[in-house]
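In the two complexes that follow, chain A is the common piece, with chain B as its partner first and chain C second.
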Partner chain A sequence: MGISEGLALVFLSTFPRIFLTRPAQVIEANAGLAWFAVIVSPFAILLPILLLLYVFRRVEGDLYAVTRELIGKWGAWAVSLVLIMMFLSDAAILLRLFAENTLLTALPFMPLETAIAWYVFNAVILCYFGIECIARTSYFLLPLGTAGLFLVLVGLIPFYDLNLLGPWQGRGFGQALITGVTWSSINYGVILLFVLGPAFQNLRTIKWAALFGLGGSSLLKALSTFAFTIVFGAKIALEKNLPFYEMARTIYINRYIQRIDALFIVVWVIAGVISIAINFYMAGYLIARMLNLSTYRPFIVSLSLLVVGASLLPGEIITVILLDVKLFSTLHIAGLYGIPLLLFGATIVKGRRKKPWTNG
Partner chain B sequence: MDNSFVRIYQFIKNILIFKPAPEIKPFVLEETVREKPDANTKQPDNSPDIVQQELKDHYYEFNTMLRQARRLAALMEKAQASLTSNIDQKTTSMLQSELERLEKQQQELAPILLSYDNQDRETVGESSLRSSLAENMLIVNRIYQLPLNKDLVVREITLPLTEPVPAVLLFMDGMVDSKLINLSILQPLLLMSPPEDIKTSQALVSHLMREILPANQLIRGSSFSELQNGINSGDSVLMIDGINEMLIIGSRGWEHRAVGKPTIEQTIRGSQMAFSEDLRVNTALIRATLRASDLVTEMIKVGERSRVNCAIMYIKSIANTSLVAEVKRRVESIKTDLVDDVGILEQFIVNHPSLPFPQTLSTERPDRVSVHLAEGRVALLLEGNPFALVVPVSMFSLLHSAEDFSLKEPAGTFMRILRVIGAILSTMLPAFYIAISYFHQEALPTDLILTVLADRTNVPFPAYIEVLIMELSFELIREASLRVPNILGTTIGIVGAIILGQAAVAANIVSPIIVVIIAITGLASFTIPEYRFAFSIRLIRFGMLILATAAGLLGLSSGVLLLIAILTDMKSFGVPYLSPIAPKSMAGLDVLVRGVAYRQEKRPDFLNTQDSTRQPHISRRWTLSNAVKGDDEP
Partner chain C sequence: MDKRLKMIALLLLLSLFVAGCNGAREIDEYAYIMTIGFDTAPNNQYVITYRIATGKGQSNRIGQSQETNFINSFVSPSRLEAENRLNAVTAQRPNLNHLKVIVVGEEFAKQGIGDILSSMLRYHAFRDSVFIIVARGTAKDFMEKNKPQTENLPSIWLEMSMASNDETGYFLRSNLYSFFMRLKTTGGAPYASYVALNPLDLEPKPAGEREAGARTAPYYAGGPGRSGGNPAEILGTAVFAGDKMVGILSNEESRAVSIMTGEFRNGYITLDDPLIPKTRIDVNLRHHSKPSIKPSIVDGIVTFDVKVLLSADIINIPSGINYESLEYVDLLEHQLTNIITNQLEKTLTRTQQLGTDVVGFGLYTRTLFDNYDDYDQFNWYEVYPTAKFNLDVIVKIRRTGLLHKTSPFKRADSK
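And now, the complex of A and B:
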């Protein structure tokens, strides 16, 4: 796979939360400066990326192989288990949130279980095709999704009011920095480039895919958060559970072009399914690597059942949203920063220096 | 006893008791010995079929030996007669040569007998020609089922050599040019002067080839498979007694359609030539359009029984060698009785034959094939087919038309975008309508939804049934207009579209909005230049409709996603189907947007050609120099 596939994977695994409650939560924490907090996040992620690039320049292979070489088999198992938990928990939360949103915005009479089954079915099929297919599908659909988002932002131009940014410093730059770093874990998807390792052409491909994918995704998220703030204002924005849906719903061009929010369902459904499929694949891939199996496919259905079960555990959506915040500020942040630091430390200690790998 | 009671009893009995009609054994096409239903069930050695086969073999062996004995007896009688009379030098040499021929045939007897041991089609086909013309003719009779088969003409002649030699000219009636056979083969052979110093059979064959036969295509052959290939392709075969070689003389001349105008890929500008059923005419048309010296045409026979020529064309210095090798490997590996259509050939060689999407480009235009060959693709043409297949192909190539480059850049680009819109509408419009009208009514303006509702008040069916009725009706009209003669076809189209639509609305079977939607969808589907691609989109439309009926835009999203995933997963001869977008590669401004001709500097990257440059960075060299002054300027 090349840069385009890599950036599409990173983009689609870090972006979908813009369609969920996360922008409203950032605004709650930072008021008018929420967009800045979103911009800070990718810069914070640069640290683990640089650490992993340092490690991968010295040890060849995918993340499992590198970890195994640096900290042994049991260390590799432990790291893989943490990553599997990160991917699967993310899949479960995304599954539940997207299914709930589908009921809220599009199909109010559909049972929650059916909506979840629908998403899982799509994700499983996509996962079955393999990561190359997922990446290329993502890359193919990326411009269409981005165009849809821009269409919403352009359609909202009559509603933009810069005064709603005020007070422009929100709750202060310090708070924005803290939020940005704390919530940077929602961009943990960038780590998949290292998990898949040699599936990409070389380290340069990984580096640019990470930068472009994360950069593009963060820029769009910041833009979207900014637009959300100047359309509704910080105070009203707090009441909106689904910012993107609310923004699309607000568009009024004329009597014939209004309430077009339904049309954008396509955008976020596709983004959600691909994101869940990526998580399934990554978990399956890591399990296959741990057990030294040649294929991940036998795990897909069982993993999907596990994820469905987990996603149905919380009683109501509020619990899921809180769980999402809690998981990302603990498990994911620990995994995102801890694993690269651990590997970096191990590389320093072992002082290895090898010729960088390439699959070409 | 025959009284009234008994008769009444018999009458009632006849009425009540069922008597089946006398049973006539129906015709059943029984399985042959080879078609064993169960591989584990062994055929007993003494089965009638095997016994019959063994008897046949013995019969052939016996007959062969008998014929040889008769020939020997005849020669002995001749020798005896000559010895009793005054023997001259000519008779002696004649007897001597005849004896030599018989000795040679005697030596060949053992292989003949061996070949009769298993007289199936393949063995006879593979075996070599004998010196004995009579033996050769017996095998030819068996291969071509003579005298039952009336297509093969066996013209027996005697070559006027110093010692006259019997020969046979074989050709397939109707597949040859009779005039050519009369004037260029039979006349020279029958009227030639006896050559003086011809001693060996090799020398005779060379003499015929070099000095007697004026045919432009003339090759030597020595096996029955070559004989069959030659005769089945319309060539004539000359077999001479005493020579275990034959001459295959080019005499093809069957009737075929002349080069006409394209009927499916019509264009306003550009070439107006289309392929016909003659393979050689088709390859010549391509060569006339693409005059490259290293344009290679390789011929591969396809089909086990019907050995049809398949031409594989490519430009040696451009096409990727592994692509050419793969195409040849796939075509050569086909094991089937008959491949009589490029559509069937496609199913044998593509990666995903069960998916509806075409994985080759089928075209009837030589100019289109030439353009693709120049890009580094490979073309396949099949004997008797007016279509060529071009491989590998990406989905976007199927949305291109031959005319795109005949028009200027804005027009070409506009038409391509229009086709993409057409493809999208054709795939999703009915499903989108169902999704919106069932699940997301808020997206429709109030006035419009009120109008739609008012129109639908008297319609008893749900909207998806309406769409299905109209879609099926549309498909019926389309199919019917294809199957009836041309004059009626137009009428059926108009009658179907206008009267059926209006009548359906008037009868409250469907609402007017559905008629409009199906009409737009139908029109949109006609913008797709590739017939097979348009067909696959028609099929997908039904799938989308089901998904949208089930879950509105959620279902439609799933449909789109899975469709793209399937397309992304597909490959056409090693090239991803969505190239050059997914995976991304350089395409030289020839995907959706059509760049100007002088900016098409590179060949498509995904074809991995040997020479990627089509033209230099500045191809309009005149822009680099000053204009030359005209005569009227000072």
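And now, the complex of A and C:
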């Protein structure tokens, strides 16, 4: 795969939370400076990316192979298990939230289980066809989805009021930096480039895919958060469950151009399905690598059933939203920063220097 | 099987499920609520009135007999309970997806409408674009007697009328979005368009004295002398302190507010001829640029420097004086500037007396603070009545229509 596929995968795995409650939570923490906190996040992620690039320049293979080389089989298993938990828990939370929100916004009479089944069914099909299929589908849909988002932002121009951004320091730059760093874990998806390693052309491909994918996704997220703030203001914005949906349904150009939220729902359903499929694939891929199997496919259905079971565990949506924050401020942040630090430390200790890999 | 064939088979299978209609319900299985009215009722209850589209007669020529809608009213402790009862009356399931207008009776509005509106924030069918209006008397009465002559549905009449406020500025348009924004951000007071039934007796009932130099008196809805047509009319604005209605702004006060918010587009104004006051001049006042509002704190008092720039087109000069010429145009501009300045000043004083920042000056005070928590502590409701305003109004005559030089008629008494 090339830069296009890589950036599409990173974009789709780091972007979907803009459609969920995250923007409202960032605004609650930072008021008018929420957009800045979102901008800070990708810069924080540069550290693990740089560390992993350093490691991968010296040891060849995918993340499992590199870890095994540096810290042994059991170390590689432990790292893989952490990553599997990160991908699967993310899948379970996304699955539940997107299914719940489908009921909330479009199909109020559909049973939750049916909505979940539909998401999983589509994600499993995508996953079955493999990562290249997911990546190219993502790359194909990326401009369409992005155009849809811009359409919403343009349609909201009559509602923009820059005064709502004030007081301009929000709850302070320090607070924005803290939020930006602690919540940077929602961008953990960038690590998939290293998990897949040689599936990409070379390290340069990974580097640019990470920068473009993460940069594009973060820029759009910051822009959306900025727009959300100047449309609703901090006081109302923090109440909203689905900020982007609320923005789409606010659009009223005239009697004929209004109520366009139904079109927008399609965009976030697609983003949700692809993101869940990426998580399934990554978990399946890592299990296959741990067990030294040639294919991940036998695991897809059982993994999806596991995720469905986990997603249905919380009794109500508030618990899921809280769990999302809790998981990403513990497990995902530990995995995102801990694993690269561990591998970097091991590389330094072993002092290895090899010609970097390439698959041509 | 070949991978491509599998793919095609899969897509064909999926196409069966993308045809929509997940609930397997036809559109005639729903009772589409177009308007909801709220009034007070004894024992802590509400009278809730629904106007429901029948789905018939929409394509008929106007005046044909098929009923396009019907009205049901319920006494209920809540809106949702009223919808349960509506479900018991209509064979169809009540559906709010096409709701256009919420009508609130004046008495109800004075008691506070936050209670009923807050439930609407949670439910996706209540879009932010749903208009809010306050009706003099009861909402039920207004809805029953509102019989538009050019639209099949009264809700369409209301929606189109709301869009037409650009033509006059004589009322302020409000919807769920703007109402809640103002209610919760405390950056400005909520408001709603004011509607009433005109007695159609050709008897004008002005809301006050006309401005010096102006030809027309201010009115509330129901006040202008007229006869014929639909008795329902929209004129003026109901203003709120928090969620309680505390007063009404006349059509001229509403226009003054819309000039200061920058929402004013254009509207006619009739004034005394500066040189022959017994005759009049008609001009079309136009939005020129968004007003500049700059807050500051002077001697501990929040002060706003408000700069308003309007343009005007001459429509009619019955006196025949050549006001297009540079020699006279200043006189006309001066007269217009005085009228507008007085209207803005009086409107601001009135809103300060009512304790309602209808213009939304509170939003501009955000720039006086660096930190959101400090701003959050600031009680704008207390400060607004003591705020000071420095008005700088400029009205420029920009165009003179298809005539560039007026010459007087020859009359019997002409010299």
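Going forward, the second predicted complex is superposed on the first by the 360 of 360 C-alpha atoms of A that agree within 3 Å, B and C clash if a C-alpha of one lies under 4 Å from a C-alpha of the other, contacts with A are read in each partner's own complex, and residues count from 1 in each chain.
Everything that follows uses one rule, which is that contacts are C-beta pairs under 8 Å (C-beta built on N, C-alpha and C of every residue); 3 or more make two chains touch, one makes a residue touch a chain.
Computed from a prediction, not measured in an experiment: that's the story for all the values here.
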Just to be sure I read the superposition right, which of the two partners does A:Leu286 touch: chain B = first, chain C = second, or both, or neither? neither
Quick check for you: in the superposed arrangement, does A:Gly2 touch first (chain B), second (chain C), both or neither? first
Counting only touches as set out at the top, which of chain B and chain C does A:Arg171 meet: first, second, both, neither? second
Per the contact definition in the header, classify A:Ile49: touching chain B only (first), chain C only (second), both, or neither. neither
After the superposition on A, what does A:Leu12 contact: first (chain B), second (chain C), both or neither? neither
Touch test for A:Leu343: chain B only (first), chain C only (second), both, or neither? neither
Output check: A:Ala31 vs chain B and chain C. Expected answer is one of first, second, both, neither. What do you get? second
Which holds for A:Ile265: it touches chain B only (first), chain C only (second), both, or neither? first
Answer with first, second, both or neither: which of chain B and chain C does A:Val190 touch in the superposed model? neither
Overlap of chain C and chain B interfaces on chain A (superposed complexes): 107, 110, 125, 255, 258-259, 261
Touching residues on chain C, where the partner in the complex is chain A: 10, 22-23, 121, 124, 127-129, 159-160, 163, 175, 177, 180-181, 184-187, 363-364, 366-367, 369-375
Please give the residue numbers of chain B that touch chain A in the complex, ascending. 436, 439-440, 442-443, 445, 447-448, 551-554, 556-558, 560-562, 564-566, 568-569, 576, 578, 581-584
Using the touch definition from the top, list the residues of chain A that touch chain C in their complex. 31-32, 104-105, 107-110, 125, 159, 161, 163-172, 232-236, 239, 246, 249-250, 252, 254-255, 258-259, 261
Within the complex, which stretch of chain A touches chain B? 1-2, 4-5, 102, 106-107, 110, 115, 118, 122, 125-126, 129-130, 133-134, 136-137, 139-141, 255-256, 258-263, 265-266, 269-270, 273-274
